[in-house]
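Look at the two complexes coming up: chain A is in both, with chain B in one and chain C in the other.
Then we have the complex of A and B:
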């Protein structure tokens, strides 16, 4: 055994000896360290879970409240206002002209929201700058036609499957925008962990892919959506 | 208790662990990756309402109807227009890439004047006044006939407007570039009388005998041809392709008949001779020495003689003639490749005479002899004394190729000024150096080009033209279609640069000149002019976007004057020396004429045609003599030499070198220029006596290992 190896062996033995012998003061220090660890862990974990989403998203109120339930009762189902155009493109949120097929600048009802709509938008012929909860980024090509007008069962989806029971809502919730990406919170989903209970809770690529695997046996190719 | 180092360690570790198991990490990772995909400087196309507007593509003579998809008024895509009488929804790769021409880096962005060797930008007012001033000087000198015009074609209102300018100016020197339509009109004039053209009813024929016509390589109206070819199988129609090389058309044909390059006319006349000797012909409406024709053809083009020149066995020639005569609806189609450059009248006339002998003129699935559409009526041009005197003078030459030859051969300048519209002769005509030399001998050249191409670079003033997506123009569809359709191209977008419709530029030059020339151009704008001169069809043209002037089988059997062929015109001989025959090939993904292929189209060219920046030539392995597949070689002709790569391909006859047209552009465009060799630098023209056509289909060449 060389001298150096000897030293190294002894050195490590010494260290182990010291540690094993211990010092009552050190034990206390460790205990405090554990407490500090626990507290810091808890504070950071809870902040990351509860406070972080509040910082991440900015909230915007819609221009005025929209009562889906009232409109479906008056005008019919979803397709009355959100429909496929003849060329297969999706109409999305109705424009002012579509609203004015029923509305005039005289309110039909007595709600404050309709008054705002008539005064601020219909009378001034201004489009309503709605925030779109389900807006996908520009790099995504999504065909509503293929999902609701398709040939097989997978092509006959219900609006609810992705959009949830929005048709039953009576008021517009605030739109939450991700400060980093600019995307709507509905894409990641309300749950900051990314967990979902319902099919409409999230609209990320994996959610598309999961459904495609289930229905088609294949999650699809990149260029099908990213053109 | 004492707070020490370990407590802080615990605090730090606790914080880290707390963050790590909270959703912060995974969420921020996802968000930051999205953030990096959305840099503020990444261009994102503006969203908006989607609309489709109809127009007509005039990138090639095909004249397809297009539908331009726009978002918030900005064109984003070109599609074929459904129901359009030429292409019915189809589109070719050049058409769908048409938007790239709007933003092409070689666009001429504003009027230019050459100062020494450099171009400088000038205003439109200045450009017009320079041109008008120079032209006025020429008239003052009493030599108005020394103004010449070269246009891309002779059809439509733009060539007519240039011709009118020459009339009012006093010059007979209007020339157009070689085109399939021009060749067909010349053939029709030779056989059936002036003012006619020929269309081929490919989609109703059950036996297409193609003399090298690139049915799926851009011949005629490409998309119409693709469609006719695509329906061949279900119609149980046959296609026999006669050419030295297994082109894509030949590969998809029912039979490929390899033939010695340039002997197509011999074969066509040989087939005529068999029909005559076997009494399989139809006694149609032949005039002009049919007896003499019969005697000459049977003597000079007997199957054994034709075997000697074409390399096709005599028995096969006889069998082919019989099969052609016995088919229900056969049609013979002339025009190697795209049928525009390097063609000869003898072949066109021989092939059309074969159609006539087989009784296929004006029959369904045959060849239609149709009157050229006359839908434009210009009021007579006002002419002063100078104009009268000049217009009475004789035209310098019978064709643009002869014009170049004459300018080069003359000591004094034959032309003092030259307008070039919709043409790139310094690239497209053979022996490009000779064309550039001729341009240098013309003191004042005005280009109406949209791009700074090889010809525009030779100009003294450029009056930049708006592209087909930025201007109004009538677009007559010709080029071998069995019907006559006039389309209307309309501006799909405001001019991207400071360009004008060349019609407007010409009207402004005329008005700046004053006198009778201005009187002949009284319209405020070209749009107004077009509406006035196309008044007969304007209502339907402007509302429908197209007018079908003639369609269906024409009535009657046209007369066939065979005196041209009865005189047994000599065949054009190839120039030069060498073991090989270099032939120029048309490729659908490239354009041999204007505009140059788009960046998109260039990217689709196979590496068997263009490898990196080198042209790849095809030769048969039997003639390789030590040349390796993929190896470099020097190809040399009497015109010049070039370094190329070699592709050993059994689909080309031994002794033949195939080299693609459309490469080797030299103008400033990183996507298109500097790639390969321009085959026209290696081949010189051979003018066919009588027709004036440049009939050089190829040239003798040598090929040595580099």
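Then we have the complex of A and C:
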């Protein structure tokens, strides 16, 4: 039993005087206090470490599974579906019309996912509401053209540097959204310490700035990437 | 600071003799930049106008009364001696606003701003506005907002950006076609909307651009005040509160002397001395 609890039991009328005397024989409470502190610290630390990220992010499954590996084998590299438009803007995730260049409302394969795609979206002429893992906050301006079609080596980056080996994936992982900010988890990254193993593990402002400092010698002015 | 060999310095010149005060620049600016309007736009402490048209008069009784309308966007000051220390940039404790040495444009990052409003106090031109409320649009109008400009939330300061998103989009096209952007590819919304063609926008560092041809900015410091750089060599062109050394990049132009005099505050007789010093006796009053 800790000193504080003792104090509470004895009541506040005479408690103050007694405790202030500080009997040296009565220090077994200190050991208990340390243990209590350690246990409480561990509980808080672990719940913060393991539970908090689970609570912080909500998970959404994609409308249906998408097999990148299959599509790159059939259709070619990334640029076949994700490309720069003539005015330099980025096409992003292809719309239904792009998919329909190959697909019809009759499934080509036998997967359940393609059946969903044909029934729910192609037949009804509805766009697929994909969740975009790499979606940046609203205040960010990112120019794919500057990074792919730019002047020097920095302007000739490959997709993998930022997006990782997504072209080799066979299934779509769940999209995780930060409940507070509404941002995709890919912005902060999976690692809660913020350690990076790969260049695509995290896409915060500092990650952009680090590369810009390396390539241009300067991280640039605010408006270069903000709108 | 990046040392730019071919840095731009975007600026504009407004011909006040052409401006009719129609307000097209204000409307186009609000539409372009997702500026919310208020239920009561007459409350000027609440309303937000990145571009605002002021009315000036010569103060004389009829029939000599003359009126001039003066559109005022953010002046994009380059600060004392043209070093990029704009009044607002110098005071921001959050680095929510910075000076782009590559474009000469003063930025404002809404997600970084925490609303202390020091910049509003520092700005000599009242070009900055505070969001007292979250923006509210009539139902369905959100669908018509520009995706190229992020809307602002309650508690942050906003201001004219010289339609920087238009520069970003023009550059994307430039990258695509592997070339530099041209003068007419980056023009602000107010410039393109002005029916009188009173606003000319361009790169003040590029002698080919129309704005440079009109303004003829002096690259050397003013011998009378070394803080002033980029003073116009065109006797009709002036800047607002030029002697402060804010080195604004928005120039104004008028044939009329009283209008040019209205661009600053002068002691009795000071204007005449200044006028004579510059040898602009051929101007008409």
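Operating definition for what follows: the second predicted complex is superposed on the first by the 201 of 227 C-alpha atoms of A that agree within 3 Å, B and C clash if a C-alpha of one lies under 4 Å from a C-alpha of the other, contacts with A are read in each partner's own complex, and residues count from 1 in each chain.
Methods note: a residue touches a chain if its C-beta (ideal position, glycine included) is under 8 Å from a C-beta of that chain, and two chains touch if they have at least 3 such contacts.
Every value quoted in this text rests on a predicted model; they were computed, and no experiment measured them.
If you put the two complexes together on chain A, you find that chain B and chain C bump into each other.
Shared-chain residue A:209: touches no atom of chain B or chain C. With both structures placed on the common chain, the touch criterion links A:48 to chain B but leaves chain C unconnected. Using the contact criterion defined above for the overlaid structures, shared-chain residue A:180 touches chain B, although it does not reach chain C. In the superposition on chain A, A:35 makes contact with chain B only, not with chain C. By the touch criterion defined above, A:138 lies against chain B and chain C together after alignment on the C-alpha atoms of chain A. Using the contact criterion defined above for the overlaid structures, shared-chain residue A:116 touches neither chain B nor chain C, since it reaches no partner.
By the touch criterion stated above, A:89 is placed in contact with chain B and with chain C alike.
More residues of chain A are in touch with B than with the other of chain B and chain C.
With chain A as the common frame, the single stretch of chain B that clashes into chain C is 241-249; none of the other options in 241-249, 295-303 or 313-321 do.
Residues 87, 89, 137-139 of chain A touch chain B in one complex and chain C in the other. Listing the residues of chain A that touch chain C in their complex gives 84, 86-89, 137-139, 141, 143, 145-146, 149-150, 155, 216-218, 221-224, 226-227.
Only residues 1-4, 6-19, 21-24, 26-28, 30-32, 34-35, 37-38, 44-45, 47, 50 of chain B touch chain A when the two sit together in their complex.
Contacts from chain A toward chain B in the complex involve residues 25, 28-49, 52, 56, 87, 89, 137-139, 178, 180-183, 188, 192-194.
Listing the residues of chain C that touch chain A in their complex gives 2, 97-103, 105, 107, 109-112, 148-151, 161, 164-165, 168-169, 171-178.
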